[in-house]
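Listed next: structures, encoded as structure tokens.
Here come two complexes built around subunit A, the first alongside subunit B, the second alongside subunit C.
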Partner chain A sequence: MKRNYLKTAMIFFACFGFLLATNALAAPKKIVIGHPACLSGKYAKAGEQAIGGVKACIDWVNNVYGGVQVAGKKLPLAYKYYDCESKKEAVTSLIARLITVNKVNVVFSAYSSGLTLRGAPVAESHGMLYMDHGGANNKIFRQGFKYIVQTIGPATNYHQGTLNMIQKVDPKAKKVALAYEDSEFAKMVMHGAEGHAKKLGFNVVFKRTYPKGVTDLTPLLSALKASKPDFIIGGGHFEDGQLFNRQMADLDIDVKALSLIAAATLPAFYKALTSMAEGVMGPSHWEYGVKYSVEEAKKVGLNWIGPDQDEFVALFKKALGKEIIPDYHAAEAGAQVLAYVLAVEKADSLDTRKVRAALGDLTFMSFYGGWDVDDTGLQVGHSMVDVQWQMGKRIIVWPKEAQTGDVAYPMPTFAEKARGKVALPR
Partner chain B sequence: MLLEQLSGNLIQGIILGAVYGMATMGLSLIFGVLKVVNVGHGAFIMVGAFVTLWLFNALGINPIIALPGAFVIGMGLGLIFYYTTMQRLIKAPELATLLATFSIGILLEELVKLIFGSEFRGYNWVVGKIDIGVTVLPLSKLYACIGSVIIALLLYLWFKKTRAGSAIRSVVEDSEGARVCGVNVGGAYALSFALGIGLTVSSGVLLTMFIPVGINPYMGGGYTLKAFVIAVLGGLSSPYGAFFGGLVFGLIENGSYTLFALIPGVEPFALTRFLSFVILLAILLIKPTGLLSTK
Partner chain C sequence: MKKEITKYYPLIPVFAAYLLLFLIGRNISGMWQLVAMLLFYCALGQAFNIFLGMTGYVDFGYVAFMGIGTYGMALAITKLAHIEGLGIGIIIIGFILALLMSTLLSVAVGAVALRLRGAYFAIATIGVNEGFRFLIEGARIWNGSEGLIFTAQLNEILGREAASSLMTYWADIMVLIIAALAAFVTLYYMRSKIGYALTALREDEDAAKVMGINVTKYKIIAFITSACFAGLVGATSWALKTPYVFPPEVFEIHYTIEAIIIVLLGGAGTLLGPVAGGLIYGISKYYLAIFMPGFQLLIFAPIIIIIIVLFPEGVVGMLKYRLKDSALARFII
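Presenting the complex of A and B:
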């Protein structure tokens, strides 16, 4: 009798052990992307766009591309995301949850440099690949993290195109004013812009920052007005960009050009400011109308992957169930899915180290443009475009090879805008 | 040039300060009568901002006409929240009322987000400007300032000249004594809470006349912090003190910027905030009842 019990117990444990072993050795049935997304809080707008972009490209990979080829099998992509409420403390706990509970294969960062940087050590401590589509600050890549890779372009490049363009269209414009938000990201943009402006021979006549969450920029703008700049570059995030433009109008600060990061390229910017936004510019990572295509990729010797621009827009609308055109937040998040897919296929593995190494060697083009990273994971292959509001529409005005229209320079004065004058190229 | 900038900023500071003062009067009124610290204060300002935005964008109603509408909506909200929540917590420990007002604030934010979304919005009401040499003043800002002063005066007169105002003042002095004299203390509490919320929602309209952009469900947080500083400056339980506290705050915020800008290598904005809180601390240490309090 005793022997029978022992025999049964041994068979039970053997079966249990076998089940565990087969489960551990079994090939994964899907590849899971984890994401502490900004569904609410101050980055909710960008967060919604990012989710739409990721879902659109997952849809394309699963249903058009046929899944991700790894170890002789085609695996579908799955997407697990939580709302981080645009808060740093939520980002860290959610990344830990995604890795340890949901067992995701890769983590996409939340939006903004601050949130991306906050999540990086958590992903790093778990040896998890951490892909950054929303944190442009170069400092993120100077911390020695091994598993972080950037899709969004670095902050130092944001205003370089704008400065190149103004030098080209108006060589007489020499005085530039810089006024940025006092955030890591915006200060890095300012640093890059100042260096590039000096390199091009511009005279920086004003350089100041303003705090996050500012509700009145009048004192700063009054001082800026007194410096009599030819053009102004600045901004930080969406809310202060709106305020900046509005209070420039209130104080009648007329300059030949105004370029604001993060804010000016979004439809809500024009919706809020209407005629006051005419002629205002902003650098963008991607804009509907850019001319990246299979042919363009061939011309520059890059492989192409992913939907074309219109396919992406259709998939994005389907993903969100809304009739809206995606902005660059969606495009960069979507392109990141494509980069991960190519890297997994190149590595032929889901192992973090192998995929990270493959990402380091990867160059390709998609609807988002070029993709290439340096040894630290910083994006070096993607070029930005400059967008200007003309007659209520966003026109890509720089660089020449990407433009959908000429720049309206100088932009109308605020008094002219109040009388209904729109920005039109001369 | 410096003097020109300084005077320009001080004028802008007075205008902004009047609006800040008005935005704090509701907070002080509620604390003065009910001894409730409304930490959801900013959310009611946000409601006022959305009322203006919606009336302007959807119906073309200008913010001046929206002002009484916002006041009525605010009074209504105040009565609803008083009778459903605050009435039961009047005698409860302070933490209960703090948590209740905090929850009301979050409830409003999420409700507005559900209806309007989380986008930063704005409207463009072009009514002209006056160039006074040292600065340019948009008429919308002047209207906001004048509106704030008129509302503060009306509130003062209402408290001094009406029976309901006198009843509330008697409740503030001695609620038991007022009850013995036949004053409906519960009614006075409800009216004060509703009036305080009505004033706060109205101030949201005036604030958007000053800054008609950045309207979003979470915009109230910054204003709550400022309102507390202003309320302490003016005396936490005095609505009139709060109004003058607002003027002082506006002057400090705008005026000190020009002076701090003279110090090489510093960012003036960081120092203006620093100065505001240093002054707040100093007042709390020297005169904890507030700068303009008679106690």
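Presenting the complex of A and C:
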């Protein structure tokens, strides 16, 4: 009797072991993207957009593209996300859960450089691919992380397109003034702009920062006026950008071009300043209206993948169930899905090392623009777009492959704007 | 001798809770980072309780001590990484710097703010926190608003593998040790003259003064002790676990609010309270974030209100009351 029990138990354990082994060896039925998203807290707005962007592109991959081709099979993408509340303590615990409990194949970082940095050591310790669509700080990629790859353009690139454009449209303009907010992000943008300006042969005649939450920029602008720049680049956030423009008008500081980060691309900027904002520019990772397409990709010798812009917008609205236009947070998160899909197909594997290596060799174009990373994972293939207010409308004026109109250069003086003159290309 | 030992009995449930957390983290796959988060909240509550719980003063600028401790460790790593042969010694120097800097800041703040009471004290401490942050940013001290990122230096000092295990495991073990040490110091204070003096001043500061207690001295002792532990928590949980410091993040008042909630949930002035508060707070937040992403704060706020209304003395305060005549009473204080 005892022997029978023993036999039964042995057979049972053998079957159980076999089942476990076959389960472990079984090919995956889907590819899961994990994301400690910022659904609440200070980055909630960017977080919601990112979720919409990821869902929209997953929808496209599964239903239009037909899934991800890997090891002779088409696998669908799935998406698992939690709310990290924009807090670093939650980011690490949720990434660990996504990797160990949900068994995701890739982790998308939370928004911001700080939260991206917080999650990187945990992802690295699990040998997990970690894709960054919200941390623009270049220093993240100098820390020696092996599995991190960036989709968002680095902060140092923000004003490079503006400088390239001005050099092209007005080679005589040589004097540039830099005036940025004193914050981690804006100062990184300023370092990049300064380096690029010098490389292009511009003369930096003024360089200064102003504190966060500033309420009066008159002293800084008066000093800036005395340096007689041809054009000004700077900014930090919406409030100080608006103040910058308004007080430039008060002090009659007329320059050929003004480009402000973060503020000038927002509709609220023109609403608050009306005619004073005419001709003012701002860089953005992506704007609704960009003209990236299969044809543009062919022209620059890149492969195209993903939905076109209108298809992406429709999928985004469907994903969130809201009638809102996606912003760049959505576009970069969506483009990251496409980059991952191409890399898995190129590697023909889900192995982190192979996919990371494939991402390093990957170049392509999508509705978001170009995509390419260097050896450290830093994004080098994506160009910022420059947006300019012309007749109360946001026109994408740079780069050529994305533009919806020519640049209005030089922009009207503040006296002309007060008389009703609008910015129009010549 | 027996009496000496029995007075430390209340540490048993505290240490048992930490041991249980450690075992869960070590043995259940995917739980370590959750345990790390819970340990952070427990350590934060335990450190904050030394001042709030024992004096009744609410320090809204408490996070400044965590921030300065983070800077202490960050400066040691960034400034000494190039010196060969120091190795792990840099981390020890970092802890010493964190302790020194948080002590100096607490002495400076305490000397002024502890002359105030109630709302005036609370407002003054908020001012110190914000003022200190703007000083670092405005005067461009320690790289100003750009902050410090030092994972690469940590790799250089310890090697990639060791640095990785420091960031994902050993830093959390250090937090556990700090939390346990804070509990021990709390009990030591409770059972000594310092604790009796602090209890007297918490109940009625003027009466305590009349009775001949040097209230300023004891308030400063509690304030500096609490600040030192905050500095150590910052140096480990923020600088070693996440090798970067951005001023807006390490001086974010939100962490002080979290510390207050943890202490009040568990029971201010109790030994086990911060552990109970940290666990309730951390576990609720974690599982609500998983099962109801985006809505957890809507659900969490009423939960906190209900707990505080039902147990105004905190969960451990209620337990203490219920168990006062039982054999368990000596373990729960």
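Going forward, the second predicted complex is superposed on the first by the 295 of 426 C-alpha atoms of A that agree within 3 Å, B and C clash if a C-alpha of one lies under 4 Å from a C-alpha of the other, contacts with A are read in each partner's own complex, and residues count from 1 in each chain.
In the analysis below, a residue touches a chain if its C-beta (ideal position, glycine included) is under 8 Å from a C-beta of that chain, and two chains touch if they have at least 3 such contacts.
These numbers come from a predicted model, not from an experiment.
Trainee: Does subunit B (first) or subunit C (second) touch A:Ala418, or do both, or does neither?
Mentor: first
Trainee: Would you sort A:Pro211 into first (subunit B), second (subunit C), both or neither based on which partner it touches?
Mentor: Once the two structures are laid over each other on A, A:Pro211 reaches both partners.
Trainee: For A:Gly114, using the defined touch cut-off, is the partner it touches subunit B, subunit C, both, or neither? Pick first, second, both or neither.
Mentor: In the superposition, A:Gly114 contacts subunit C only.
Trainee: Where does A:Ser40 make contact in the superposed view: on subunit B (first), on subunit C (second), on both, or on neither?
Mentor: It touches subunit B and subunit C both.
Trainee: Touching A:Leu362, do we find subunit B (first), subunit C (second), both, or neither?
Mentor: It touches nothing on subunit B or subunit C.
Trainee: Name the contact category of A:Leu224: first (subunit B only), second (subunit C only), both, or neither.
Mentor: In the superposed model, A:Leu224 contacts neither subunit B nor subunit C.
Trainee: Check whether A:Arg246 is in contact with subunit B, with subunit C, with both or with neither, and answer first, second, both or neither.
Mentor: After superposing on A, A:Arg246 lies in contact with subunit B but is clear of subunit C.
Trainee: A:Asp182 contacts which: subunit B (first), subunit C (second), both, neither?
Mentor: The answer is both, since A:Asp182 touches subunit B and subunit C.
Trainee: After the superposition on A, what does A:Phe238 contact: first (subunit B), second (subunit C), both or neither?
Mentor: In the superposition, A:Phe238 touches subunit B alone.
Trainee: On subunit A, which stretch or stretches are contacted by subunit B in one complex as well as by subunit C in the other?
Mentor: Comparing the two interfaces on subunit A, one with subunit B and one with subunit C, the shared residues are 40, 182, 211.
Trainee: Using the touch definition up top, name the residues of subunit C that touch subunit A in the complex.
Mentor: 29-34, 36-37, 40-41, 134, 137-138, 144-147, 149, 151-152, 155, 160, 164-165, 167-168, 241-244, 246, 248-249, 285-286, 289-290, 293-294, 296-297
Trainee: Mind pulling up the subunit A residues that touch subunit C in the complex?
Mentor: Subunit A residues touching subunit C: 37, 39-40, 81-85, 88-90, 92-97, 99-101, 113-114, 117-118, 120-122, 124-125, 137, 139-140, 142-145, 182-184, 187-188, 211-212.
Trainee: Applying the document's contact rule, which stretches of subunit A touch subunit B when the two form their complex?
Mentor: 40-42, 44-45, 182, 208-211, 213-216, 218-220, 222-223, 226, 238-240, 242-243, 245-247, 250-252, 268, 271-276, 418
Trainee: For the complex, give me every residue of subunit B touching subunit A.
Mentor: It comes out as residues 1, 5, 8-9, 12, 16, 113, 118-124, 126, 129, 131, 135-136, 138, 141, 210-216, 218, 221-223, 253-254, 257-258, 261, 267-270, 272-273.
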